[in-house]
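Next, two complexes with chain A in common: one pairs it with chain B, the other with chain C.
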Partner chain A sequence: MFNSQYWPDVWILISRGFVLTIVLSIAVVIGSSVIGVTLGLSSHYGRMSTKKYSLSNTLVTVFVRIFRSVPPLVLLFLLYFGIPSAFDIQFDALPAAILGISLFYGAYMIEVVRSGLESVPVGEVEACKALGLNRGQSLRFVIFPQGIRLSLPAGTGLWIGAAKDTALATGIGLFELTTAMMTVRQITLSSWNVFGVAAVLYFGLNFGFSRLGSGLERLLGEDRRIARAQGEKASRGREFAKSRKGST
Partner chain B sequence: MTILDRSDQDPPAIAFEHVWKRFGDNVVLRDVTLDVHAGETVAIIGPSGSGKSTLLRTINGLVTHDEGRIIVDGVDLVAANDSVATIRRHVGMVFQQFNLFPHLSVIDNIILAPMRVGRVPKAEATLSARKLLERVGLADLEHRFPSQLSGGQQQRVAIARALATKPDILLFDEPTSALDPEMVGEVLAVILDLARTGVTLCVVTHELNFAKKMADKVVVMDDGGIVEIGPPSKVLESPDHETTIRFLKALSGGESS
Partner chain C sequence: MTIDFSVIEPYIGVFARAAVVTAMVSLIAFGASAVLAALLLPMRVAKSKVARATIGTYIELMRNLPILLVLYVVYYGLPTLGVPMGAFVAAIVALALNSTAYMIEIYRGGLNAIPIGHTEAAQSLGLRKPTVWRNIYLPQAIKYSFPAIGNQLVACVLGSSLAMLIGTKELTNAATVVGSASFRYFETFIIVALIYIMLSQFITFVWTRLYAVSFGRKYGV
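Then we have the complex of A and B:
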């Protein structure tokens, strides 16, 4: 594919970049999900209160407004260049990239989780209240298990977005896939091949995240859940039938 | 008053005193005063939009009233921060749409509240849940999920779930309105059975024959207010109020049989 005189150095560069991109992607997918679930839950918990004003909800809203409104590249610059110059804190490029992209996508993820929790029918919430469950118990045992599944399709989209935007880390000098490809382009003087390979690798990575999302959706979906819960009983039944067959 | 009338001796299980509720400009409860005594079975009837469901929902605080007092089992609903929580431990509710938890099996639906609110150990909660399932005629369905049950079965599970916290007051909000006609009977039979056990029942219903059979007292509502209260033999057979007469006529017109 590339001129053989650069082989195998080019492929070493590409694999190094790709490995870092995979690490970054997994980190930002986890980071944004953790932010989304914890803050989404606490905001919803605040909204479930009978009081008109909820501090947790207001704080989360401020968080969402701020981090949703700043371009992720600017967040990376702020963390990597801005903070060390203003305070006595040194941020390495890797944690800066993970934190910046997680904050940006976490802000979106909060809204996705919150909308999932809010889509749980109001009758479920009323049933919890009537049974005497408090807010925390209702959230833990009834609303979260149903709401999180409703959040998954939109959440998977955000995972893919976060994984793609790890390419921005090239802006703070991290040697991930995009940086690696720019280096390879300078060596080989070929752009079409180089970025074609980059696109294919990004696609492959995100295909994985798509599959992860739809897999989780199925796993938490009604059919599988019922099958799992009843599987134990069914397999016991089959063994029973087998043992009876054997004895006759 | 007869000797059997408990109103002179015991405080009522549920007491409404001049209760008002508005949603914006819309008055949904208009100066409601009503006593329900322990063990009594009350049917609440009336045209749709007359405030029946709202009245029922104020009893366990699902709807908060604006004015007046509601006292349930001696506890004023708005007196203290935790009074609603206290009352909900004594009051069970069954909804028109069942509102079972779809992600939990039948048995898990029933034991959730006893375990988490009543702090009953799982084994003990499961045992009592099985007894309740037997009582509503669903003993062999404990591992099913709500989506695998018929409407009538779901509603009977919902009744078992409401009973699991051992309430002394049970509220039914149109328990058979969402059911196919052939399933109404099985649910009403369970409720009738409960009425004989001494638990206090408040049932919003359109089933007049059922009300006649079950109720000690029929409450007729119209436009947010109570227009008539009395024993079913009086209210359902020779009503005084014009609304009741019109409403009964409309209902019997619907039932061609």
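Then we have the complex of A and C:
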């Protein structure tokens, strides 16, 4: 690879950048998921009410509409340059980057979680009502466990998107992989080697997140749980039938 | 410190010009990717393994790499191979490269929604492959994937903001220029955020109407 006279420095720079990119992506993945799940749940809780109008649902919709339509780069600039210039709040570059990207992808995540919760068959919700569960209970025990699994595939896509967009942190001067890459490019004057290394690293990182998503999906595996539940039901039914037979 | 939006007034022209550049970059990139993706779609679902693997690699690469990296490769990398590249063109090329990958997958999703009976009917009528693609597959695939295509257009508008990092004079770039000229970063970025919100809400609105007009029925919000 690179000219050997630059060797240790170049690799130190790249690995420092990569470590920061990993930290940023993990923070952003957690941040956007937390925003998505909490606000998605509260909006769905509002929608489950028998009243026509739900304040929480409206507020969440406004949040989604706003943050989905502002480019993450503008959000970063607003947090890092804008807010300190008007108020007495100072953001460091790292929290500003994490917050900005989490807000953008959190807004998308809310929609994903909402649609996952909504895809739970309506019969299950009716069954909850028939059993006398209140809104919180049916959300907690029936709708959430199934809905969250249904929203995992789309959520994984958003995680990858969020991890990719940590590259934007270069715009507010964080020394992450893209900044490291451009620095090394200026030192070594070789573009393609640098681009190649960065591409491989980003690809590996995202591959990790997509593995994490499919692993979680298997962990929460609906098929296995439903199969187990149905097996129990079936055996209980057989016992019931047997006991009836015995009695008559 | 006080918040005062009137200081932005002298710069309205700057924002308007920049908004036009943003619209041009994103629309050209989106249009190019819509056409390219339609042309590459048959390869994505071809019987030949080589064709599928080639397009599949391209899609995976584009979907797993940051647009920013693609942008830098196009802007700083291609000129070393003797391809002259300005900031404006580079922004369009990078955005289109990225968007094409997503568009192919969007079209493919629409294609999968077409009932198998249509293929069988076309075969039994003896239609040729190109005819089937042009008259049966593509129109329906576009119909089924219409909402997702609208989202991709919004993604193009938002993605065009990255072009400021290579110096394209679009909206985000204008915001930093005006901000550093007036020292009113908060107000400028709020204004620019509002312009982006208006742009994307406008696109969403028009797209919903367009769907209702072309295919008769409204899709959910």
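What we mean here is this: the second predicted complex is superposed on the first by the 221 of 248 C-alpha atoms of A that agree within 3 Å, B and C clash if a C-alpha of one lies under 4 Å from a C-alpha of the other, contacts with A are read in each partner's own complex, and residues count from 1 in each chain.
Methods note: a residue touches a chain if its C-beta (ideal position, glycine included) is under 8 Å from a C-beta of that chain, and two chains touch if they have at least 3 such contacts.
These numbers were taken from a predicted model, which means no experiment stands behind them.
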Exercise for review: Check the residue A:Pro145 against both partner chains and state whether it touches chain B (first), chain C (second), both, or neither.
Suggested key: first
Check your understanding: What is the contact status of A:Ala130 with respect to chain B (first) and chain C (second): first, second, both, or neither?
Key -> first
Review point. Of the partners chain B and chain C, which touch A:Ile30 in the superposed model: first, second, both, neither?
Key: neither
Practice item. Name the contact category of A:Ala167: first (chain B only), second (chain C only), both, or neither. Key: second
**Study point:** Residue contacts with chain A in the superposition, chain B compared against chain C
**Key:** C
Check your understanding: Across the complex, what residues on chain B touch chain A?
Key -> 60-62, 64, 85, 88-89, 91-93, 95, 97, 99-103, 105, 112-113, 116-117, 143, 145, 147-148, 161-162, 165, 171
Check your understanding: Which of the residues in chain C come into contact with chain A in the complex?
Key -> 1, 3, 61, 63-69, 72-73, 76-77, 80, 154, 158-159, 161-162, 164-165, 172, 175-176, 179, 183-190, 192-193, 196-197, 199-201
Practice item. Quick one: which bits of chain A touch chain B in the complex? Just the residue numbers, please. Key: 50, 121, 123-124, 126-127, 129-134, 137, 141-142, 145-146, 222, 225-226, 229-230, 233
Check your understanding: What residues of chain A sit close enough to touch chain C in their complex?
Key -> 65-66, 68-75, 77-78, 81-83, 85-88, 160, 164-168, 170-171, 178, 181-182, 185, 191-192, 195, 198-199, 202-203, 206-207
